[in-house]
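Here come two complexes built around chain A, the first alongside chain B, the second alongside chain C.
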Partner chain A sequence: MADFETPKFREYPAVPLIKQDEMAGGGPFVSRAEFDTDLGYPGELPEDWKEKTLDKMGDLLGRYRSLQVFMDSCIKCGACTDKCHYFIGTNDPKNMPVARQDLMRKVYRRYFTFAGKYFPKLVGAVDLTEDVLDEWYNYYHQCSECRRCSVFCPMGIDTAEVTMAAREILAHVGKAQKYSNQIIQKVYKIGNNLGLPGKALKGILEDLEEEMEDECGVPVKFNMDEVGCEALLMTPSADFFAEPHIDGLIGYGKVLHELGITWTVSSKASEAANFGLFIGSYDNMQKISMRIREAAIELKVKRIIFGECGHAWRVAYSFLNTLAGPFDFLDQNYPIPQHILEVTYGALQEGKLRMNKEENDHLTMTFHDSCNVARASRIGDYPGSQFDIPRAVIQAACNNYVDMDSDTIKDATFCCGGGGGILTDDLMELRVKGALPRMEALKQVTEESGVTNIAAICAICKSQFTKTLPYYGFEMDAIMSVHQLVSEAIVMTGSEQEKDLDGTEEDDKTESDD
Partner chain B sequence: MATITVEGKEIEVDEEGYLVDLSTWFPAIATEMAKIDEVEMGDDHWDIINFLREYYEEYQIAPAVRVLTKAVAKKLGKEKGNSKYLYELFPYGPGKQACKFAGLPKPTGCV
Partner chain C sequence: MSAFYALLFTVAFLVLIIGLTKKIIQYSRVPAPLKIPVTPAPLTKGGVAIRLAKEAILFAALFRSNKWTWLFGWLFHMSLFVVLLNHLRFFIKDVPLPLVLLQNVGEYAAFTMFIGLAGLLVRRIFVARVKYISSPSDYLWLILLMVIGLTGIVMRFISHTDIIAVKEFSLGLLIFDWQALPTDFPLMVHLFLVAILMILLPFSKLLHIPGLFFAPTRNQVDNPREERHIAPWAAELDAEKNKVQPK
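After this line comes the complex of A and B, so read on.
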């Protein structure tokens, strides 16, 4: 449907040839006042936009010491240039992380450094014009804030923070992105990114309960707004809506049921995602986070468990206590917050879950590390456990597992191509092109090791792959949720699956009668 | 604001081609939008469109993929109750393309 060419698989990874201005353009749809004002933005370019832009930039430079350091410390070594999936996929030199950062750095130099104020030409400083802002808007929406480049930066510059700052500045002068802001507005008005009202959510959850009863013969509960449960489940609303996401939700439900952990979702905080992170807005990130605290208090839970969502987990793991803490009202014996993979992995270690791996014998799996889990947080309690735990859970549910090339996984994982507020139809060309390195690594293991499917622990990755896999010749349903595999393999006590494996009491009786 | 012309009427749509005002929908709009997307509307398509509109009427949101596939399976037979069938009808996805034709707002978020 979209008018562009899907990149071809390369024989071997090499620094791409440059195509100047390949991705020049207007960027994604710009937000409007109707979405923006609830978020604290003007929604249109104010008359004094130049002053406001520089004021905001000065404000952020003062507030985040990191940003100041990142503006000053780039030594132009070039280590980051070929590390970005968007540069690899688009060949546009402004998508080299250093060049994208430099769009802001040039303005920073002009107005915030001595040399730039007096000798701008000597230090590559430029005046702030509306064209400059438009270029920022376009290219700062060609970064998924995945931070792969930062892993290779000898100065430790975090490109994502530069992108976030740029987007926050742009939003203050009426150049925010429609996709992210419309979503945040829905979180405030309805409770989740989708705009899924409580009544519809309740209907979906009741359907799932019925389905579980039919399929498994055990009452797996999917509660909503149930006061007094042990845990509040915070999961992306895509888990209620899309495939393969919902298959993961069913997996969480089965695991929690088997462990006897009662849980509920909240209709008010029916969304784990926090797009405040993507747009670089501390205020919105905090406001979105406060819903979790309020829901936990109202529902009188002892624990908060997060489902499979990459950036939500970053916000939860790294910032939740600062944004919405202290969580002194929760049971301090559990991690606050806890990831569903920690629950499942812990239970597997203790031998509390019975798994029939043969259920997944038709699959050979690989795992896509989601950027915000891999590089910006941790699951588990030792360095690198965020890489080991998902793999251990997959391998507890499947006999066949193969990793992709070591340059493309764990802390060097390639972004799915849709993270950081990019997962919108108006950026489909960028999304498809940015998926190239991940698709190449997947192609390699399908050919060399017979991999059939790829699992992920992030709603964005799952949706992005559903859309982009077909462009590269894969089936759209090759992407799976990690807890979908768990769901297929788990043998719950008293379930039909258990009876099939062990035989029923009547069977035993018949056998002994014989 | 962009518009499309259907039976001589100017209908307002947003930058992504979705109806601005849901109440302005009438069946020829779906046919016209399908034509723009190069989709030929048959009875099977209309079954989906009608279900979407009924569900929206009650729940104020498009149905989840699972809800939709289950409803299709019930009405049109088990072999059609899957996303593959829906993608055959609406290549850009039942969630987005079919919603657009049905006059519903676009599902947003990580979907």
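After this line comes the complex of A and C, so read on.
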């Protein structure tokens, strides 16, 4: 185990007292020059780092209204101070959203405002030093860009915007984070975050097809680079082999098969994730998004469907049209892009999918709203449908469902603790501590309502929970994919499951006893 | 003394208007390159107007966040609004009936305003989290507003000022016809601090007033799949023509 203590469940979750410098330190591993230069960054601290930092900051203030307005409009009311999962889990006051923003705001005031230039002490402005940069690096990598604070801010200030800007500035003076930059480099060089080459991916997909044939007696296809399919499936690469992600992928495959939608993944764009978002880089986010456009054109698809991934869905839903659109070459009768849950939910509404819920009777489910779906995008066609649709799909696949405490779900959901480029082993202490509020809410429903498992629609949430659940006394496989439940319950036409349920013509009248 | 105050207010008014206008122009010129409304967000512009109105009038997000801060903050702002309406009488020669009627309740708004501010100050001093994030200026703003309120209360209820003369002074200000101002101490303090507030507003966190309406997290429509959103600088970087097109 690591050299930190897992936080204790609090008897009455209350506002924690502050513990100065509890999470002070060097932050996650700094990127290596080779990763940075591929992404357009210098890779080392330049001699004129101070000018470069301020130049970049001025540049971003002129490019992003969010940053410019948020630097000015904070009134220090304290509404956000108890809303961040990292503050709740660590008690470090610099993890209070306003204090995190202030790390940059203090420098903004010093160099970009009249008050800070002439009366720095009065308004809490500070000089830019290397220590300030190091503090930025540490604390802007203790934010998962989950936007929970912004829901509660009377001014709508979104700390994620400040974190992204800070990371972008840091990268421009050679202080980028290794985890995110290395992953982006892999996307450029190999096609996905995990560095899974096309051949290996093809092998995995072929194995899946065989497995499906054996299990269900139905030829569920998992195509790769197949030209002329109806849909391009963009899904996080974790879906190709990690548990419970892959069970979700199988679920998408079954649903699409049953609906007669032919689909393929692309070896070139074999990754829905877009870490350009995490590092606040418009350029990289766009470059990564362009792969999707290119793949859709090359494979001559009519639709783009996204699998279960939170931040990928934010980039897809909110930004793809901006970054890589317009998509006038796709079928305009479908949302562009479309979420797999929109496909499944729509089909369920139309009665096109047969579900045998009893398959999941041994489970009592709850649902973890992923931050980027809950607060930064939408699934479905009305505000808030992103909360109802996953729950409706789970309940169509499982008889037992209970929500967690209302202060911890929907748009008030707590981040899993691993989002926004934090899902790396060198930040394990932060990840475990940041998971505390979610784990407390889960603990409550396990004790009061007998919840056995928690479902999510985000690859990062799933990976983070697999790692952190055991720290809090849960089984690591308590985390499930939503489409894993669908996969278990779905009864495909002509499948073994259908025969088991309906019986063959001869034993129509005898009850099956298995 | 009267000339000093007349000059001070003329300058304060100009600084406030020019400073605020410059900031609003800056906010509207800086683009919002990406769609970042905090969801669930309205699907129409009308919906956005309602969302912003709920924030500006009811402080909806703050209400969800912290009931005490909401109570004191809302009490202060709404009272200030009534107080400001009440002060309109100093700038209108023949006071219209609604303002005359408002006076009856309006004069007590100074008390609720003071209570709201006092609550916020107590919270700032005694809640460790809020204390941690406070700079000297954060306390000073509250104290400044409290003194403005207090001197107003003193003039209205304890040591009356010749408000007819004050009104002549303020009406004169509007047409650069400087009149004599009564030299009562509470009035001097009251007006001086109001002028300071007007001058500092465009350089301070009081910019939250325009800022509230410019936050893309709250003022954007949730329709990125339906309408392509692109900022000017992003359009350049976008280099539309270099984009891969289907053959």
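Before moving on, here are some points about what is shown:
FYI, the second predicted complex is superposed on the first by the 504 of 514 C-alpha atoms of A that agree within 3 Å, B and C clash if a C-alpha of one lies under 4 Å from a C-alpha of the other, contacts with A are read in each partner's own complex, and residues count from 1 in each chain.
In the analysis below, a contact is a pair of C-beta atoms (placed from the backbone, for glycine too) under 8 Å apart; a residue touches a chain by one contact, two chains touch by 3 or more.
Predicted model only: the values in this text are computed from it and were never measured.
More residues of chain A lie in contact with C than with the other chain of the pair chain B and chain C. Residue contacts after overlaying the shared chain place A:A459 against chain B, while chain C stays out of touching range. Of the two partner chains, neither chain B nor chain C is touched by A:F222. Touch criterion met: A:D158 reaches chain C, while chain B stays clear of it.
By the touch criterion defined above, A:W49 reaches neither chain B nor chain C. According to the touch criterion, chain A has no shared surface contacted by chain B in one complex and chain C in the other.
On the side of chain A, the complex with chain C involves touching residues 15, 17-18, 61-66, 68-70, 72-83, 93, 96, 98-99, 102, 113-115, 121-124, 147, 150-158, 161, 282-283, 286, 290, 293-294, 297, 300, 317-319, 321-326, 329, 335-337, 374-378, 382-384, 386-387, 411.
Against chain A, the residues of chain B that register as touching in their complex are 15-16, 37, 59-61, 64-67, 70, 83-84, 87, 91-93, 95-96, 105, 107-111. Those residues of chain A that touch chain B in the complex are listed here as 1, 29, 178-179, 182-183, 186, 192-197, 199-200, 203-204, 207, 236-238, 240-243, 246, 271, 273, 309, 423, 425-426, 459-460, 462-463, 467, 476-477. Those residues of chain C whose C-beta lies close enough to touch chain A in the complex are 23, 26-27, 30-36, 38-43, 55, 59, 61-62, 64-66, 69, 73, 120, 123-124, 127-130, 132-138, 140, 200, 203-205, 207-208, 211-212, 214-218, 222, 224-225, 227-231, 233-234, 237-238, 243-246.
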